[in-house]
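Chain lettering (A, B, C, D, E and F) follows the sequence in which the chains are written, and residue indices restart at 1 in each chain.
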Amino acid sequence: MIDSIINYSSIASLILGILFILIGSIGILRLPDVFSRIHASGMIDTAGTAFIILGMCLQSGISLITAKLIFIGIFIFFTSPITGHVTANLARKKGLKPISNNKGETL
Amino acid sequence: MINEIFGVWNYWIVFTLMMIGLYIVISKKSLLKKVVGLAIFQTSVFLLYITFGKIAGGTAPIITNNSEEIYSNPLPHVLILTAIVVGVATTALGLALIVRINKAYGSINEDEISAVDLVDYHEKFSEKKNK
Amino acid sequence: MMFLAILFAFSVCFLLILIRLIAGKTTYDRILAANSIGTIVVLAISIHGFYMGRPEFIDISIVYALINFIGTVAVLKLFDKGKLGDK
Amino acid sequence: MITEIIINAFLVSFMLVIALFIVNTRKVIFTILLAGTYSLVAALMFVSLDAVDVAFTEASVGAGISTILFLAALSFLPKEEVQESFNKNNIFALSICLLIGGLLIWASYDLPMVGNENNPVHQHLVSDFIEGSKNHIGIPNVVTAILASYRGYDTFGETIVIYTAGLAVFILLYNRTLKETNKSVKNEISKK
Amino acid sequence: MSGHYSILITSLGIISCALCVYLTIKANILDNEMLPLYFFPRLLQYTLWLIKEILISNIETAKVILFKTEDPELFTIKSSQASNEGKVTYANSITLTPGTVTTQINENVFEVHALTKSFGDDVRSSQMDKMVSWLEKGK
Amino acid sequence: MNNLILKVCTKVLFTPIILFGLYVQFHGDFGPGGGFQAGVIVAAAFILYAMVFGVDKCKIIMPSKLNFFLLVLGAFLYGFVGVVGLILGEPYLSYDLLGSNKQSGQHIGILLVEFGVGLTVCNVMICLFYSFANFKFGRNKND
């Protein structure tokens, strides 16, 4: 009984994670400029990764693998905002300006 | 049918990759691009070796408690493991040479380098003649 | 079977981001796309371990995450200063 | 187990796409980014071909260190390539590549199928190594056992090669001190 | 971590830990910025709150991406943290929630890029600022 | 790079990366890993530090002289293990007599050899990075 509940919940969270990653990659393709695309890539790094790692943790049960998976999760949580911020910072420094949607002009 | 196509598909793509690497090395004038081409060639050779070692249904050659497990062939893995690291060492050596060439000639384009060489040669030749 | 489906979904995402990597307008777009591809490959490796039934090899994906981060920092540093060594 | 082989075929096709785009890029930094992605996919490929240790090495060495080295070298090199038109040389190179590639693909019909158990590669030595590392050496990882024990000479040679390469790069890029360059400049001036 | 517990392996593990500590001390990076110990008592509660925020903003961002209603804006805010590690935690938390990215840091003034106006309002309401300051004052 | 976030986070990440590298080094007998990979990971930590804080600060932790000493020591260790086997009356590079019985002897031998490889690879990578970073590009045509 409990086994099947865990199994189904892990499947659900895996599918949720895949959905987030799919939407994120569509966002990377579709959004207009670098600054907006960083949000989409942030979605892949936070929600997608978290849900997929949660799903895999539920699959493996309590073991060494779970510890390693959580380690990966923490690592990606640490590094993703750094790369996002540094990219945005450099783009600002080099004089790139974000595009505003309403008037088609830069902010 | 599917079995036959996918059975040799890997080989085909690996050979195509090899040829792409060779084409870059032969035809591109930029020395840096040539090193990238060499890296592609290298990786395709590694893939070829590892493909030979694969057994369908086998697992990685790390022994488990299950005694009836089939393991893939570990010998190509060992050869390629060392080859990758040596490949990086040679790549670094090539890059260092390119940097030195750029310092000496002011360019990394093959044509420009040989043009500079030709000019130097003619200058020396004419100096000798004058003397 | 489920893991196989997830792997194929990953490859669709991979293709989508690869289009951005190839067609990206500015270099920052490309750096961002390369970083996202790295994250997806990290997840794909762990999923592949579960699919093959031997999930002990998650060390590889840790290394991937690490290398991905360091590579991105290196590219950005080159863009900022034009040289890797200086402060 | 046909699905494994299909996954492999899929991944290797990705690598083909990336490699095709490497050929015609002119911005060097973009080439390097693509090459990094290429070796990432190669490592994923190694995982799916059961070569865990090789994937580990490719991920850390091929994707990481070589990208960093390319970038470090790029800081001293021009950032864009010269425009090249498609000329006689390229046709020559293309025809050579097509010829060799055709020959190799023709030869591939004689190669054994991917993943077949009865391939000649799997017949010699391998079972000895696996049994030996179980009983004689007592280490679960067969690759490490072969690397360090059965083929110890080989690895020793490789280590020396890396060592030599490191020293060679150091010598090539060593900055001569300012005094020496001043001296050589002075000598040349005095000659003139 | 390894799952094997012979004497040799355990002692090697202890040696490698000692080597790491030695390198860290030699690199002279062992300070509050590296290991903000005084964060720990309230860290768990903060993390849970952050995860909730991340989930909400993820769903919002997904909606924006799917229904094409992006309306980006760029604005500056002030942060009230005193120490470097507090500022970094705040900036990272802003970046971690999709929809908002910190683009520049000058002393106490952050420049933030938001995907829509409502994301910008969330940041301007400075709830997260208060949470981080609260985390910083823990002890 | 003068970036506050990057500096603080590098400080946080530096030690765990090295610890992970050493774990890979000594765990190579049981799982994937070994000298080559571990050397590269440890070198990557130093390279990250050098990129963010500058090469000069990295040379405080890993001076050039120490770097070369360890570089030679790694290659020497590998050869020396082989010589020990030779002294004990075995062929070169066979580790049977290093321990109390055959298996533990092999185990110790493999560990030592892998450590030598790891030391060499790590220091070669650091040396490569140092020499690329320190290279001065003064353009004089007479060179």
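In this section, a residue touches a chain if its C-beta (ideal position, glycine included) is under 8 Å from a C-beta of that chain, and two chains touch if they have at least 3 such contacts.
In this text the structure is predicted, and so the values were computed from the model without any measurement.
Peer 1: Would you mind checking the shortest number of contact hops between chain D and chain E?
Peer 2: Minimal hop count between chain D and chain E: 2.
Peer 1: Determine which two chains are connected by the greatest number of contacting C-beta pairs.
Peer 2: Pair with the most C-beta pairs in contact: B-D.
Peer 1: As a test of understanding: of all chains, whose mean C-alpha position lies farthest from that of chain E?
Peer 2: Measuring from the centre of chain E, the most distant chain centre belongs to B.
Peer 1: Quick one: chain C and chain E, Cα centre-to-centre, how many Å?
Peer 2: 22
Peer 1: I'd like the Å distance between the centres of chain A and chain F, where a centre is the mean of that chain's Cα atoms.
Peer 2: Taking the mean C-alpha position of each chain, the two centres sit 33 Å apart.
Peer 1: Centroid from C-alpha atoms only, then distance chain B to chain E, rounded to Å. What do you get?
Peer 2: The mean C-alpha positions of chain B and chain E differ by 41 Å.
Peer 1: Out of chain F, which residues touch more than one other chain, so two or more?
Peer 2: 1, 5-6, 9, 12, 24, 30-33, 36-37, 41, 44, 47, 107, 121, 124, 128-129, 131-135, 137, in rising order.
Peer 1: Could you say which residues in chain A touch two or more other chains, in rising order?
Peer 2: Within chain A, residues 24, 26, 38, 79-82, 85-86, 89, 91, 93 contact more than one other chain.
Peer 1: Would you mind listing the residues of chain E that make contact with two or more other chains?
Peer 2: Counting only residues that touch two or more other chains, chain E contributes 1, 3, 91-92.
Peer 1: Could you run through all the chain pairs that touch each other?
Peer 2: Final set of chain pairs in contact is A-C, A-E, A-F, B-C, B-D, B-F, C-D, C-F, D-F, E-F.
Peer 1: Where on chain E is chain A touching in the complex?
Peer 2: 1, 3, 54-55, 58, 61-62, 65-66, 68, 70-74, 91-92, 95-104, 111, 113, 115
Peer 1: State the interface residues of chain B toward chain F in the complex, per the touch definition above.
Peer 2: The touching residues are 60, 62, 81-82, 84-85, 89, 92, 95-96, 99, 103-104, 106.
Peer 1: So in the complex, which bits of chain A are touching chain F?
Peer 2: Within the complex, chain A touches chain F at residues 78-79, 81-82, 85-86, 89.
Peer 1: Under the touch definition given earlier, write down the residues of chain D that touch chain F in their complex.
Peer 2: So the residues of chain D touching chain F come out as 52-53, 55-57, 60-61, 64-65, 68-69, 72-73, 76, 136-141, 143-145, 147-149, 152-153, 155-156, 159-160, 162-163, 165-166, 169-170, 172-175, 181, 184-185, 188.
Peer 1: Would you pull the chain E residues touching chain F in the complex into a rising list?
Peer 2: Going through chain E, the ones touching chain F are 1-4, 8-9, 12-13, 16-17, 19-20, 23-24, 26-29, 33-35, 84-85, 87-88, 91-92, 105.
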